[in-house]
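Before I ask anything, let me first share the structure, which is written out below as structure tokens.
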Amino acid sequence: MREVLRFTPRSRRQLLRALIVTTIFVIFLAALATLFGITILQYTLAGFRLSSIVIVAAIGLTVIYGIRGFANFAYGDLMTLGAYVALFVNMNMALSLVWGAIVSFVVLALVGILLEVLIFARLEGRGPVPPIVASVGVGLIVQNGIRAVATTQQWIFRVPFIPEIPIVPGLGFHWIRDLGTVAVGLAFMISVHILLTYTNLGKAMRATADNLELAKATGIDTKLVTYAAWAVSCSFASTAGVLLGLIGVVSPVIGFNVLLLVFAAVIVGGIGSPYGAVLGGLVIGLSQEMSVPLLLGLGASSAYKVAIPFIVMIAVLILRPWGIAGRPPPFARRVFFIEKILDAIGGRPGAAQDAERESGG
Amino acid sequence: MILLEAQNLHSGYGEMEILHGVSMRLDSQEIVTIIGPNGAGKSTLIKTIFGLLRPTAGQVTFKGLDITGKPPRDLVLDGLAYVPQSNNTFPSLTVLENLEMGAITRRASPIPMPWNRSRGSATSPRMMNDSQIRRRAIETIALFPNLRPKLRERAGNLSGGEQQMVALAKSMMLDPDILLIDEPSAGLAPKLVDMVFSKIVEINGSGTSVVMVEQNAKKALAIANRGYILETGRNRYEGAAKELLQNTDVAKLYLGG
Amino acid sequence: MTERSEVPLILRVQDVRKSFGGIRAVDDCSLAVSPQSVTGLIGPNGAGKSTLFNLIAGLYRPDGGEIWFGDTRIDGLPPFEIVHLGLTKTWQIPHELRNMTVLENLVLGSKHNAGEHLTNLFFQPGLVRRDEKRWRQRAREVLRLTQLDALANEHAKALSGGQKKLLELARALMTDPTLVLLDEPVAGVNPTLAGNLMDLIEKLRRDGRTFFLIEHDMNVVMNRCDRVIVMHQGRTIADGTPASVKANPVVIESYLGG
Amino acid sequence: MGVPARPRTRNERAGADRTAIDTGILTNVGFYVYVSIVFALLALGFNLQWGYTGLFNAGIAGFFLIGAYTTAIAITPPTPPSIGYPGHLGGFSLPLWLAAILSMAAAGSVAALVALPTVRLRADYLAIATLAFAEVLRVVAINWESVTAGTIGIFPIPQPVEFNPPSAFLNAMVKVAIGAGVLLILLVVLLFMTESPWGRVLRAVREDEEATMALGKNTFLYKLQAFAIGGALMGLAGWLFTITINYIEPSGSFAPAITFSVWVMVIVGGAGNLRGAIVGAFAIYGLEWLSVQLKDYAPRELKDTIFYIRLMIVGTLLIVLIIYRPEGILREKKRILR
């Protein structure tokens, strides 16, 4: 089995590419820091913090998209639910938040399976809109159920108080908020990678996402795979929700407020691809937080930072609707005016601008 | 010995009946080919046998047991394997992973769950663990030496002929008693068709009986023991492959009388 | 164009290529169809016939090559412009508009119907009414021609498979095409109906239309087509009268295997 | 109406209108009718986009917002900044009818711009992009204080007719009359449009875009038109909302919940059915209105909860209807051509 352990040309290429990107990013940061002062690094840190949460959520969202083929609009509210379950354990049962997160992880996994059994299994094969509508219904029930039970009051997790550690003036980090979040994000990325590449379940999930009919004919238990995908998706939502509560407060809309960021990340990275979700999450999180000094420099309110990810998303939708890391479908519907414009400016992004819907639809 | 027998099958898609009573049988160690013009119902027959379509009438038996309407998953466990005509690999999985998927029905679950009763327990001799599956994949790949350097490539990046090899290798992972192949030559260049067919002969030599649907009648009959010729959902001719090859009516069937 | 045949051609496909994810579906394919003919396109599964039709109709954009319809170069044109030039296609699997009636399906094939433009609705109501009336009349004529008139007010989804095939043809006729690409017009249609359908095509051909059809039913191809083009692995391998094609060893080999 | 001390949510405002003015049940019913009409306009717009053309718009609230703010800015008298109020762009004091046209034009043209890159994409991409668009608009409305007065909102917006002495009842009746008139005219126009050959092409696009293209229709253009006209209708709804409610602010009135409510209305009414959309609007807004009415009679501990329960009912309705009656309670009728 020696050859199995050796790096293949593909993975070597990928590693090299990742190294180049990282180097460029570090140089870029250094340039920024010298230009705008060290505070830019604080925004970068905030960007990474947001990115790790968005990545965890985006992976969860994209896993269910891959298997079930629809965008789960209830995902934000499922994140909120995760935060509240953890809160319940943390406050009412007076346990550490780590326990809260674990309980919430398990509870949400069960919720996910329940959703599939009760609702989404009945909507199989009906196109993308009915499940979206149903998921909005789920979102409304969850969000308002939380309001009805836990009121609209804002809560804060009970975690030990740790002061921020300053590195240099204008730059400091917080053990839990900064390091904890990023570490959890990394851990989830690695575990999803392990799940998808090294376990049979993960491989079966990828196979089912690739080709449901062939998966059935191969003997893969596609029902079990679907349940597993829901469990993974929703338990990731719970963790993303806990992290959201950790960097801010717990309220009934925390999840819904980041839902669009998660969608943006998924679209930018390429819908249905967990690795794309990581990339998209990084782009979205960093672009939102690092745009703040730019906006302030332009004299605009920093609140507009939430618009930046969507500008990125719209650009991706126009130029590369299958995302940065996604593969172009063999046929994409032709849009003649875009073709004409691109022909006029002398370049078309890939030959796959071309026709048809089978694989798109 | 009769391994597989289909009797008087009626089947189709939705309301549209395509098979109007087709029968066939497969003896052990045989290659049987099903040929006929487009639209004769060849693919429908093989899909009905493999449980992907539910027959409205008729019966399929395997080793004397009724398997009519059994889901593909159970049939894979019983020792059948099926290679669809197109889209027969998982494009984003590597070749090795595609092969592993071929054995997933016999992958022993690390935790015995109440719902995977049918898969037996981890100690049952039919079940395999990961390293056994890996070993089996290496064994299987020995049949397809040109895939060996590409074990870690994504199947979607391979050429059409290589993908067909991956699909064959994947279906051979469990060393099935019967291999059902749907038009292995479709869309392949003649040289590759010969290669695929010689692989099928090799597979047959290793003890697997083969049912092959083909459009390329001459080549298919050249490697088959017997052949069935379908026309518009009914049996038209059957017989030893050599006889069918000489039958002048066959050519007429294809290009019109 | 340096060489020009004496007979003007209605459709000329030159070195057209199209690949999907590394697989060449249509590979330097060239062919021509002469006007007022019924030309058959045959070939084994996966030969690229349907892809070629989609390329001609503008639904796919070719990777290379040229497609000429009469004197107009049509590759790269959007499908609706190609239809307006007089070239229509049907599908192998009927693309009927399920929740609309048969008559509505047909009227949709109307060409330059004033009522389909928003401004006319408000500024030229008289014209809209007249146009619509004219098109409905025409639709009824086509329905009678295709013997679907009894079903005019049924939802298209309620039709049988064979009737849907007829509907496809009827709808295509509504656009008043000079060239119709038919993708397996009689597949799944019962023999009597198929016979009627082919009689209808013959009649329409005499009226001046051209038909280019993919068909797997060899009786249809051999008895009803003037010319047969054979495709194999994305390119044409034979072209001629049905009898000559049937006798062509290359064709026999591609079908029966060599 | 005085200067509100803090931005109020819409359900609070509904209650405030009722208790502050206190002119009996008829005024209150009038309020129900004209807000329902606003929703009916939104539902008609969405129905044109989704029910007829198959374009799934999740940014209804955004187009609604554009119409509402356009109107508020157009018709208000000059409002200089004062203590506790940042002021807003405006002071044009334009007539109502002109504001209606401006609102429709603004929302319609923005809808066309949004549609340009997105209508070619799959339904879920379109939904995400439009939802994002609406949320970005809301963020802008909250933060661009010099134009929108931020979270405090724009008020007071002049009544369509000023009565002397002021009469809440007469005001409500005027608004009902305006709303009903607009709705009636729109219903007639839309029926004319959707039952025309043009509307037939829209339905064909919904059924099978590719086949429609192969019948010689420029489907992209039709999708663009349907989306833009639908957006314009939502803009008009914003106009009606602004002139009837006297007060607009970005956080509650233009939240995504508005979009989701409109979905339910159209699904209840049946996609591709104009009258159904109106019935749906009256029925589903009726639920909200009732929940506000019942609030006073509900036991103390349920007072706040009742609003959330209403939204949970909306959610449940969405799920149940989409599973069991996706074609709506009132089905699209068959068109028999003569």
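Some points to look at:
Residue numbering begins at 1 within each chain, and the chains themselves are lettered A, B, C and D in the order written.
As a working rule, contacts are C-beta pairs under 8 Å (C-beta built on N, C-alpha and C of every residue); 3 or more make two chains touch, one makes a residue touch a chain.
Not measured: the values here are computed from a predicted model.
Ranked by distance of CA centroids from chain A, the top chain is C.
Taking C-D and B-C together, the chain pair joined by more C-beta contacts is C-D. Between chain A and chain C, the centres computed from C-alpha atoms are 46 Å apart.
A separation of 35 Å divides the Cα centre of chain B from that of chain C. Per-chain CA centroids place chain B at a distance of 57 Å from chain D.
Contact of a single residue of chain B with at least two other chains is seen at no position. Residues of chain C in contact with at least two other chains: 21, 59, 78.
Contact of a single residue of chain A with at least two other chains is seen at positions 336, 356. Interface of chain A with chain D (complex): residues 70-71, 73, 119, 122-123, 126-130, 132-134, 136-141, 143-145, 147-148, 151, 256, 260, 263-264, 267, 271, 301, 303-304, 306-307, 310, 313-314, 317-318, 321, 333, 335-338, 356-357, 360-361. The touching residues of chain C, counted against chain B in their complex, run 21-23, 44-46, 160-161, 187-188, 216-219, 221-223, 233, 242, 246, 251-253, 255-258.
Taken together, the chain C residues at the contact with chain D in this complex read 57, 59, 78-80, 83-84, 88-89, 91, 95-101, 103-104, 107-111, 113-118, 121, 128, 131-132, 135-136, 152-153, 155, 171, 174-175.
Residues 50, 52, 72-73, 76-77, 82, 84, 87-93, 97, 100-102, 104-105, 107, 115-116, 130, 134, 151-153, 170 of chain B are the ones touching chain A in the complex. Listed in rising order, the residues of chain D touching chain A in the complex are 56, 58, 117-118, 120-125, 127-129, 131-133, 135-136, 139-140, 142-143, 209-210, 220, 256-257, 260, 263, 267, 304-305, 308-309, 311-312, 314-319, 322-323, 326.
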